[in-house]
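Each structure below is given as C-alpha cells.
Two complexes come next, and they have one chain in common, chain A, joined by chain B in the first and chain C in the second.
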Partner chain A sequence: MEIPRHWRLKKQRYGLVGEVCPHCDAKIFPPRDVCPHCGGEAKTAFNFSGRGEVYSYTVMHDAPAGFDQNTPYAVALVKLEEGPVVTAQLTDLGEEQPRIGMPVEMVTRKIREDANERGMLIYGYKFRPVLR
Partner chain B sequence: MTEEHVHKNGLLKPNRPVGIIGYGAYVPRYRLPGAEVARIWTGGTGGSPVKEKSVPGLDEDVITMSIEAARNALARAGIDPFELRAVWVGSESHPYAVKPTGTIVAEAIGATPAVSAADWEFACKAGTEAFTAAMGLVGSKMANYALAIGMDTAQGRPGDALEYTAAAGGAAYILGPAEEALAVVDSAYSYVSDTPDFFRRAEQKYPEHGQRFTGEPAYFTHITSAARAMLDLTGAAPEDFTFAVFHQPNAKFPQRAASLLGFKPEQITAGLLSPVIGNTYAGAALIGLSAVLDIAKPGDRILVVSFGSGAGSDAFDIRVTDKITERQKKAPTTQDYIARRTPIDYGTYVRIRGNLALK
Partner chain C sequence: MRDVVIAGIGQIPVGEHWDLSLRTMAARAMLAAIKDGGGMKPQAMYIGNFLSPVLSHQENLGALLTDNAGLTGIEAFTVEAAGASGGAALRVGVNAVASGFIDCALVLGVEKITDMVGSEVEAAVAQSSDYDYEAMTGLSSAGQAALLMQRYLYEYNPPREAFGEFALIAHANGANNPNAFFRKAISREAYASAGMVSDPVNMFDMGPYADGAAAVLLTARDTAPKDLPHPLVRVSGSSVVIDTLALHDRPNPLAFDAACQSVERACSQAGIMPGDVDLFEVCDAFSIYALLSLEAAGLARHGEGWKMAVNGELSINGKLPILTMGGCKARGNPLGAVGVYQAVEAVQQLRGQAGRNQVKDARRALIQSLGGPASTAAAHILERLD
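== the complex of A and B ==
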C-alpha cells in the first residue's frame, strides 16, 4: 500500500517545489532540508520555474509495471535553469526526437495508474519541449 | 407567474462589479482528422462535421489539462494562488467518479488549503456554471478571487457520429473585482428546461443522444432564448458586440445560431474553434472566449452563450478593459496550442484513448 507515500510527496511532485538555502542561495531539489553546497540548514520552500534542458536521456521499451502501457517513452536527466538536475519522463514529443540540449518545461501529468482499474491515479512532473 | 415576470428578474447581476483577472487555455497536442474516422467507418464516403479534433496524450486527463490552463490564468492574473478562495472545475469527464478534480488542481497550483474546491456538472455547460458561481462569490464580496475551469476529454462510441467531434480542451478563468479586470463581466443570464436531448447514465462509458431532440428543441431553443433575453434586458443589439461566442458541438450549429440571432459571420470567426479542435464539451464556449480575449482590444464587447444538454444555456455580457493588452502576452495563447499539432491515425487514436482491451 503506497498511498501514504504518494500523499507525502505530492507538493514536490505536482509543482516542482523544492528549497532555497538561506545561507548561500543554492536552489535545492528534491527538498532535503540540508544544503548540499554549504551544509547549512535549508527549509525555505522554493517554486522552480520548471524550465531547463535535456542533459541526457534514454528511451524505455521495456517498462516497469504500471508504466507498460506507455512504451516507448523517454526518460531524461533535466538540468533546471536554477541548477539542480532531476530525472523525469519526457512527454508531448509528437514526432520530435529527444536530444541533448533540448529546451524543456515542466508539466504535471498522469505518471501511472495503479495496476487495476480501482486504484488511484498518480500525478507528477514531466517535461516537454517548450511550447513557445 | 407570467413569462414576462420571469424574464425581467432573470438577469444575474453581481452586487459589486466583477471581471476576468486572468485566463488560460489548454488544447492537447494530437489531432484526429475527420477523414480518418470516415476511412474506418464509412469507407471514406460522407463528410465530417469538423476538419479534425484534438486528442489528449496517454498521460493527460481533465486534471492535468485543468492544471495547465489554471497556471496560464495565474500567469496572466499575476496573483498569488493563496489568494484564490475557490477552485471549481466543470466537466463531463472527471477522472474519478468519487474524489474531486478540484482538490488535485488546487494542490498542484499551490492554492490549498483555505479554498473551496469542487466539481461542477451540467453536460457541456458545466464550465459556465462554475464561471457564474465564481461571479457570485466575488460579486457578493465573500471572496476576492475565484478560479472557474471548463475542461473535457470527451469520448464518442466508436463508429458513432460523435466520434468525429468529441474532443479535448478547455479554459480557466480567474474572476475578481472589476477594477483589476482585463474584461468586466457585467451580467449573466441562465435559461434551462428539462429536455432529454443527450445523456449518459452512471457507470456507462459513452453517452446516448435522443436523436430528434439535439437540434431545434435543445441547442437552438436554449441558445437563442438565453441570447435574446440577454439582449432585451441589457438593451443591446447584435451590432453592439465586437465578438460573439456560441457553444460549438460542430461548425454548423454556432453559425446557424449566430445567423438566427442577427450576428454576422465576422463576429463569430475568432471564437469558432470547433472546425480545427472539435467539440470540447464543457470547455467549448470558454475556450472560444479565450481565443477572442487573445486578440481583443480595450472597449470590445463580447457575448458568450454556452449550451449544456439536459438542457440549458448561460449568456454573459463582457466588456474588455485597457488591462487586456499587457496580460495577453503573459501566457501561451489559444492559437499557440492549436498550432502545436501532431496528426494521428485511427489506430493510434484507439490506443491512446484506452479503447484497446489489454488485460
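== the complex of A and C ==
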C-alpha cells in the first residue's frame, strides 16, 4: 500500500526527474537535499533524457517478496548520459543478453504488484536496449 | 580515555533454531559472556540487531532482552546498521567504557531469521539498501553483490572460479567450529556446479542467513577481574565509517571506501598497519565483499585480492588467515550479530582457544563487519594482553 510514498515519487518514477545543482551545475538523480559535488542546496528540477548505458547488471533468480513471480529478471546499474547512475530493471531484451556497455533507454513499465495489499500496481522506469 | 578490554565471551551455535525464541537465544549468549567474564554485572547492554522489527515484529529489545535475562534496571538499547549492527554496537560499548561513563558493558549481537522464510527474508534484508531507488527495482542484497562482482569480472578479468576459494577457506575452517552452521568442507566441483542466486553470485558466493546470538563483556583494564583463567583482550582500535547508501551513487563502487577508511582509522588508533595483524575476520556475506575488503584494506592491489586466496595466503596456516571460524559462509550469517561473532571468534584465537583452527601465536586481530555493500563499515583491532 503506502500510497503517499509511491505518489510522492511519481515524477521520478514516470519522468526520471532529478535535479541540476544551481551552484555547480551537477546533474543529480535520484534527487537529494544537498549536492554531493559542492555541498550546496539542491532543489532545481531537471529532466533526464533517459538515455544511457549499462555499467553493470545481474540476473535475479532468488527474488525478494513482491518480485518473486517475475524471475528471472535483469537489474542493472545504468550510467545516464548526463552523468548519474541509476538502478533499474532491464526489459524488452528479447533474445539479447545484457552486457556492460549496452546502450539503453528509459521506458515506463509495471515495476511491482502489491498483490496482498489491495492489488495496487506500481509503475516506474525500466530500461530497454536502444532500437537500431 | 581508558583502555577497554574484553573480559568475557559467549555465543550459541549459528543455525535454524526453530525451538528457540529471540529472547532465549539472546539470554544464552548474554549469560555465557557474563559467566566467562568472572560474573561482573554489566551496567549497560548495547544490542546489535537488524531485522527484529520486521521478522519478529519486536522493537524495544533493550527492555525485552535485559528483562528476560534478569538485568532489569540497566541501560540498554539497540544499535542498527544492517549487517554492521554488531560492529556498531561494539563501537558504542567501547565508547561507553573508554569514556568512564560505564565500567562494565555487555555487547550483544542477536538475529532471529527463521521465523520467516525465503522471499520474505530477502525482502527484509533488502531494506539495508535504498528502498525507494534500489529495493523497489527488485534488487536484493545478493543482487547488489552481483552488480559488484559482474563489474569486477569485467574490469579485472580474474578467473571466475577464484571466487570459490573464499567459500573453500570458510568451509574448511567451519568444519572445526562447533558453533558453525555448516561443518563440512566443500570441493571446487561443488562450487562450480552451485545454483545461481543472482547471476553471477551463486549459492556458494553468499553466506546463509541464520539465527544466532553472541556477546562480549567489556570493562576497563583496571576494573577487570584479576583472577580470570584466560588473558584479557584489549580493544586497541575502533571505528565505524559510512559510504553512500546506494551503490549507484559511488564514483567507483569497487573501491569500498568505507571499508578502507574504517580499517585505516582503527589501525591508526592501534598504532599499526593493516598488514601487522595475525588474522582478519573479514565480511564474507558475499565472496566479492571479502575480496573487495581485502583490497580496500590495502592488503592487496585493486584487481588482485583473489590471488591471495588462490595462493593459500588466507588459510589458517597462511600469511594472513581470514574467516578462521568459518565466516558468514560456513559459520552462517546472522546479519546484525555478525560483528559480535567476529569479536568472540577473534578473542578465542587471541586466548589460544580456537582448537584445530588455532592461528599460531595470534596476538592481534582485525575484525570488520559491513552493512550493505560497505554502506556502513565497522572495524576493530583486538590485541592480547599478557
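The definition used in the following text is that the second predicted complex is superposed on the first by the 127 of 132 C-alpha atoms of A that agree within 3 Å, B and C clash if a C-alpha of one lies under 4 Å from a C-alpha of the other, contacts with A are read in each partner's own complex, and residues count from 1 in each chain.
To be clear about the criterion, a residue touches a chain if its C-beta (ideal position, glycine included) is under 8 Å from a C-beta of that chain, and two chains touch if they have at least 3 such contacts.
Nothing here was measured: the structure is a model prediction, and the numbers come from that model.
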With everything superposed onto chain A, say whether chain B and chain C fit together or clash. fit
Is A:131 touching the first partner chain B, the second partner chain C, both, or neither of them? first
Answer with first, second, both or neither: which of chain B and chain C does A:47 touch in the superposed model? first
Regarding the shared-chain residue A:10, is it in contact with chain B (first), chain C (second), both, or neither? first
Of the partners chain B and chain C, which touch A:70 in the superposed model: first, second, both, neither? both
Once chain A of both complexes is superposed, is A:111 in touch with chain B (first), chain C (second), both, or neither? both
Geometry of the superposed three-chain model: angle at chain A (Cα centres of chain B and chain C, steps of 10 degrees): 150
Tell me the contact category for A:23 with respect to chain B and chain C: first, second, both or neither. neither
In the superposed arrangement, which partner chain does A:100 touch: chain B (first), chain C (second), both, or neither? second
Which of the two, chain B or chain C, is in touch with more residues of chain A? C
First, second, both or neither for A:121, with chain B first and chain C second: first
In the superposition described above, what is the shortest C-alpha distance between chain B and chain C in Å? Please give a whole number. 12
Note: overlapping chain A surface for chain B and chain C spans 70, 89, 111
Per the contact definition, I'd like the list of chain B residues that touch chain A in the complex. 29-30, 57-61, 63-64, 67-68, 95-96, 104, 107-110, 332, 336-337, 340, 342, 358
Touching residues (chain side chain C, partner chain A) in the complex: 118-120, 122-123, 126, 130, 132-140, 142-143, 146-148, 150-151, 154, 195-201, 244, 246-249, 253
Provide the residue numbers of chain A that touch chain C in the complex, in ascending order. 5, 9, 12, 30, 36, 55-68, 70, 72-73, 75-77, 84-89, 100, 111-112, 122, 124
Residue numbers of chain A touching chain B in their complex, please. 10-11, 14-15, 17, 47, 69-70, 89, 91-92, 94-95, 107-111, 121, 123, 126, 131-132
